[in-house]
Amino acid sequence: MKEHDIKLDHEREQRIGFDEAIYSAGKSVAQLEAIIAHALEARAPRLFTRLDGFKFEALDSRCRTALDFDPVSRTAFLGERRRKAAASRVAIVTGGSSDMSVAREAARTLEYYGQGSLHIPDVGVAGIWRLLERVEDIRPMRVVIAVAGMEGALPSVLGGLVPGVVIALPTSVGYGVSEGGRVALHSALASCAPGLLTVNIDNGYGAACAALRILR
Amino acid sequence: MKEHDIKLDHEREQRIGFDEAIYSAGKSVAQLEAIIAHALEARAPRLFTRLDGFKFEALDSRCRTALDFDPVSRTAFLGERRRKAAASRVAIVTGGSSDMSVAREAARTLEYYGQGSLHIPDVGVAGIWRLLERVEDIRPMRVVIAVAGMEGALPSVLGGLVPGVVIALPTSVGYGVSEGGRVALHSALASCAPGLLTVNIDNGYGAACAALRILR
Amino acid sequence: MKEHDIKLDHEREQRIGFDEAIYSAGKSVAQLEAIIAHALEARAPRLFTRLDGFKFEALDSRCRTALDFDPVSRTAFLGERRRKAAASRVAIVTGGSSDMSVAREAARTLEYYGQGSLHIPDVGVAGIWRLLERVEDIRPMRVVIAVAGMEGALPSVLGGLVPGVVIALPTSVGYGVSEGGRVALHSALASCAPGLLTVNIDNGYGAACAALRILR
Amino acid sequence: MKEHDIKLDHEREQRIGFDEAIYSAGKSVAQLEAIIAHALEARAPRLFTRLDGFKFEALDSRCRTALDFDPVSRTAFLGERRRKAAASRVAIVTGGSSDMSVAREAARTLEYYGQGSLHIPDVGVAGIWRLLERVEDIRPMRVVIAVAGMEGALPSVLGGLVPGVVIALPTSVGYGVSEGGRVALHSALASCAPGLLTVNIDNGYGAACAALRILR
Amino acid sequence: MKEHDIKLDHEREQRIGFDEAIYSAGKSVAQLEAIIAHALEARAPRLFTRLDGFKFEALDSRCRTALDFDPVSRTAFLGERRRKAAASRVAIVTGGSSDMSVAREAARTLEYYGQGSLHIPDVGVAGIWRLLERVEDIRPMRVVIAVAGMEGALPSVLGGLVPGVVIALPTSVGYGVSEGGRVALHSALASCAPGLLTVNIDNGYGAACAALRILR
Amino acid sequence: MKEHDIKLDHEREQRIGFDEAIYSAGKSVAQLEAIIAHALEARAPRLFTRLDGFKFEALDSRCRTALDFDPVSRTAFLGERRRKAAASRVAIVTGGSSDMSVAREAARTLEYYGQGSLHIPDVGVAGIWRLLERVEDIRPMRVVIAVAGMEGALPSVLGGLVPGVVIALPTSVGYGVSEGGRVALHSALASCAPGLLTVNIDNGYGAACAALRILR
Amino acid sequence: MKEHDIKLDHEREQRIGFDEAIYSAGKSVAQLEAIIAHALEARAPRLFTRLDGFKFEALDSRCRTALDFDPVSRTAFLGERRRKAAASRVAIVTGGSSDMSVAREAARTLEYYGQGSLHIPDVGVAGIWRLLERVEDIRPMRVVIAVAGMEGALPSVLGGLVPGVVIALPTSVGYGVSEGGRVALHSALASCAPGLLTVNIDNGYGAACAALRILR
Amino acid sequence: MKEHDIKLDHEREQRIGFDEAIYSAGKSVAQLEAIIAHALEARAPRLFTRLDGFKFEALDSRCRTALDFDPVSRTAFLGERRRKAAASRVAIVTGGSSDMSVAREAARTLEYYGQGSLHIPDVGVAGIWRLLERVEDIRPMRVVIAVAGMEGALPSVLGGLVPGVVIALPTSVGYGVSEGGRVALHSALASCAPGLLTVNIDNGYGAACAALRILR
């Protein structure tokens, strides 16, 4: 059993339409460098998620140069980007500025697959009028990714306001009972708004992939 | 140790302004009959909570006659009611008709202490416009009791719309992750609306007592 | 505060494209009869969910006659059905026969809104070959509702096999650690299959509404 | 989507009587500096919460000078303070010296809004006589904020001793089963003292805002 | 493997000073009848716990006659009682009348082993003066069993008032967050009163056995 | 979607050496009768688990006659039994008589597949000498199934005493913190005895199947 | 509200026989120095618990000199020790060497109050013979403190072997399901050994105080 | 009570066939050095688990030289290795490269006891075809250790594909609901694959010991 024993899933794109993203959190620098070298050789594009700044800095310079790294969302692109879709069909709606990192993981994943998105910031339900002012911008969207931590009521309110698909993206922002994001997750699951969908806490990548499946 | 060994707390009203309510859930029919007999003799009024219909029916006829029983809220009054306050200063706002039993426990407790209340039904956040239509009725209230099960977003939205005291009264209505009311409770506690207050799940009696403390 | 104080949400269909379904679990027989009477008068169709057999039998005969009741899924239709869509674009895939009640709540909700569905039964992952034999039937579907209790691995496997939208519908089937459905829910949320979406445990109605939002 | 995309809620004060406090825990130094610059320009006062010492030290010197920072409570004031209310109507009662940080967040929030408070320290229930000696000082208060970690019995005892509004403010002080503050929170929610109210664990800001709503 | 395969632990009394009590909850009527027949033959005394009324009624008449059954505590004695200790050294202090069943299981177990006890009823902490009035009766006791449900603050307060051994006996009385007794248990474990000891929820038998070990 | 849509897994025996057992808990009487009819026709043997007495009684008489039903373990055999292995290599060790139902599900499953077992009853760790007296009977066994509820210490002690494979089979016997069997399960998982293995709570069927895989 | 506002509980010793120990975990260096200065002046002895090495090193030199500090147990004594009891009546029994820190907190607390103790190390139940070899040393003890992490079976086994008082002292040693000590705590609470008592996880101080109450 | 008081379990190998492994996580450097010195003197081989790199570096040079240390699995061997079994009968199957550390703890433990193993990497169920390609390599194995974090579906799928013993080894790899490994553990326990066995989260050592017991 060797540390570099990595077998990427090359059939994935053909079967389900996504190449394999590299979840970097559990991988060593050596494993990541091996993956990057292999991708550069194969001229294959790659999306890296959960790549924190310290680990990025520890990569050798050839790897660092090859990556388009974004520290806020902890994502990196390797290789050429796909052409961006002309018109946006996805809105990313956030409750507060603390949700930015996760929201941006979603936006960057969409961008990697050539899909633009509209960002509607700071419309948490404690000031519902801010959300109501933007409803007409959100209504025409086919997919709305509703990013919220703490009590996580934003997806429920949106689910009752717009006819498109609403994906709740709960975040781990919060303290006390909401520490770790379970309250935001459970609020979305328990919502009385019909047809709300949910992904795991802080899973911006997953919310974006779901949006892409819907838009196909 | 005898089953009828019950020592009521007669100093309570003098110290904190409430007589002792009789939490009937854990008491036997024999214990309840002893308490009623004692109160009738002392000509003392009494509020009974969590008195379910089967237990009420099992009381002897003298006890049944003495009580003003409401099966929906499972409350009963013994003795003369206090005079009702002229103008209402408390709103009870409910998300759905399944929350009625708990909301009514709050309303009946207020009534027992002579305080009226305004009921605003069926304004759950999945149809936020229903709530917005009623905001001007709710704004002047000193206390708003926001009753909600499932994802429990109603108190958060109200906390951002009105300047009065908002008391979240979470209910055990729900299934899956929201079974038992924890999600509604946690949503209220984790709310980003400033100054939201919370009582235990299904504790209509407690929410009403808190309102009474505030109105003093 | 009166027991019959019910305010239905008539704007809902116009805003989000669904009329308000009647969640019958927390409603009394009297409340349900009032809703049915009102709907009959308004000639408005209605979908009832979580209507158990005993409560249905307790309705007056006029109400019972007016409803198309299905005891397995505990759903009822009131009024004329919408015309069924010609070709099916939704698959409902179930792990075992114990998941039938929840799967059927999804199928009946789709039917109420005029959408057919294809049922693929008994393809739990402990016998993965049964699922593989049916993959080619499932691949062309735009939406796959994957119904599973116990360890809930079915949605993850499906998410890696087909390019359409996969909605995990966890069920409360199970015992020991899986009692109540949390394991199946968490398996879906934690899945490494990209873009898997989830609804609450036993929420067949919600999974169907999500499918309808996607198909619009 | 840009890191500095922040939209403050300027209508909040007009609607509910509070300006928007800046929850600093989830914000970057760059975001905080942008908010401070904006507030200085607008000559708007601001309250910052959860601003830890390291983050404060990392702000540029203009920002640091502009803030009245308190490291114990991790709060900062920007701009002129409101005039302090002449007579105190709020008591902050603490169980032990470990609860000081949270108690002080409450006191500083009250101070920001011009409301003084009386501190009653070290009256945990394991030495109930210390509390009883102070009861006559606490009884005349309109609002009592009872701060307690570990088993959190202080609010229950107070709720039975005084007629004013008692707000339980549970803290995350403790270890073993009480680590994180859940025991203190649950004790307050489950209390048999009538009319006890609760806020989230460590939410000194929320307890103070609730007191301000009550005192209006 | 046969249903009647039961092997009682005859060495137990010699090793630890208790004969084996019969936990009746998980046993069938047939198993209980076999145990009683065996004990009658051996002229061995026996204590039965968790024997509910229905199961007692289902025993054959010889068994029913042989048992001294108490329905409130669900305990039964078989055989002659030991002589009662002259002076009482154990107090059983209860918060409310709903805790009676569990308190009585403790009292009956003590009685089975010849130890009397003093009952102090209805001294829950929401009316702390009731407890303070009785402190001088409790102080001389070597062991105090403090029985409490809901928020379970009684043992903590007692632990700070008396020098004897305080055993918290949490009960499952409560609703919402305190349903099942976890809050009362955790309050006792997290108590800041030095040297508080705890047994499992509703374990009156265990609290009494602990008292007996202490008194040896 | 029809209630009788059941697709049994006929390839299972060939792949993994077990035919498909019928988990009866989630199946209706109609579904069970269909399965039995099908098996009788195919002359295929079948094992039914979690078949409670009421459901068995509700089957039609042809089905009842065809089944060898055991009410204690809630199992039934259909068809001829396999020849029993001459010598026993499996011990089933139980902590108390309340664990009998689960232990017997394991014994009956072994019997269905022709494997005998030795039962060692009532050797819970609170009387460790009872276990020590039997160690020499258990040591030669290849597989030891250790059945325990409550604190579940039996598997740990056994894992340190014998060289064979020890499978912990936790049961849901218990109350308070051990209600539902989580404590027994977690004790087995957390054991410091090297190489202890675990199955789900009350999963006698699974423990037996594991033993069979080991003995192959 | 000032950081140094500390009110020690001087009546505690007189009421319950313990002076107030200083729980150092939540206190700042400044608070600890103030307490030490005050004690030195009053010539009062003091016990400090949860004082970690870094915090001790940060105290000024006068404070450091005044304390008898033990880094393993994180305890410190201030002032003269009481005379040690001649004969030992307490055993501290540990499962493994990882439990040493907690066991020593108990031993040091006993020592502070003049009570010696006998240490029986490394007798975890996975090698039950090690415990059995020492049983005759443990049997005569009036109090046995059984320290165990992971699956925590040691107290149950001891409770069945000796007639004295057995206090379970669960530790947070473990990983996976036993991380944080809940499994060890729950095993002790759920034990079928009659009369086992428990304190909070890692609460060596509490176990020792309980022993002292028992020995009075 | 001294820090170096360590009593190793020398009878363990004779009773259950394993010498005592040294769980290094809770031990100080001083304790580890004492154990190594003792083993060198006794010429006894030893396996160390959970020995992190920093602690290894802190050992004195004689100890470091004596150990064959592997930083990825955090294991070390002391003394001569046993001869390796000629043919491999154990497969270690991993879901992703993040599971490598735990998988290697299992492989190294097998190696310490002279048992080789076959590693099948990167066959997570989101790309089920990767697993299916390798099934014929896995089928002949007597024991399959299935290592998986996140949703942990791999053991269930394997349990339905191969006739050998399948041991689920859940890992703490994951975030959101799967943080800490509970989802992977529960998926294995709740699996509908017959005869799946489980060890604690991240317990590579335990899985290997179980395999060794099976292979005897």
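The chains carry the letters A, B, C, D, E, F, G and H, assigned in the order they are written, with residues numbered from 1 in each.
Rule of thumb we're sticking to: contacts are C-beta pairs under 8 Å (C-beta built on N, C-alpha and C of every residue); 3 or more make two chains touch, one makes a residue touch a chain.
Computed from a predicted structure; not experimentally measured.
In a homomeric contact, the two copies may use the same or different surfaces; for chain G and chain H, under half of the interface residue numbers are shared, pointing to different surfaces.
Looking at D-G alongside D-E, one finds more C-beta pairs in contact between the chains of D-E. Ranking every chain by how far its Cα centroid lies from the centroid of chain F, the top place goes to D. Same interface as A-H, judged by over half of the contact pairs sharing residue numbers, among the pairs B-C, D-E or C-H: B-C. Chain centres here are Cα averages; for chain A and chain E they lie 55 Å apart.
Averaged C-alpha coordinates give centres for chain B and chain G that are 45 Å from one another. Centres computed as Cα averages put chain B at a distance of 28 Å from chain D. In chain E, the residues that reach two or more other chains under the touch definition are 12, 15, 23, 96, 126-127, 159-161, 176-178, 182, 185, 189-190, 192, 194, 200-201.
By the document's touch criterion, interfaces exist between A-B, A-C, A-D, A-H, B-C, B-D, B-E, C-F, C-H, D-E, D-G, E-F, E-G, F-G, F-H, G-H. Considering their complex, residues 1, 3, 5-9, 11-12, 15, 20, 23, 25-27, 31, 50, 170, 172, 180-182, 185, 200-203 of chain B touch chain E. Interface residues of chain F facing chain G in the complex, by the touch rule stated above, are 95-96, 124-128, 132, 150-153, 156-157, 159-161, 174, 176-178, 182-184, 186-194.
Taken together, the chain B residues at the contact with chain C in this complex read 72, 92, 96-100, 103-104, 107, 117, 119, 121-123, 126-127, 129-130, 149, 173, 175-179. Listed in rising order, the residues of chain D touching chain B in the complex are 12, 15-18, 21, 23, 159-167, 185, 189-190, 192-201, 205-206, 208-214, 216.
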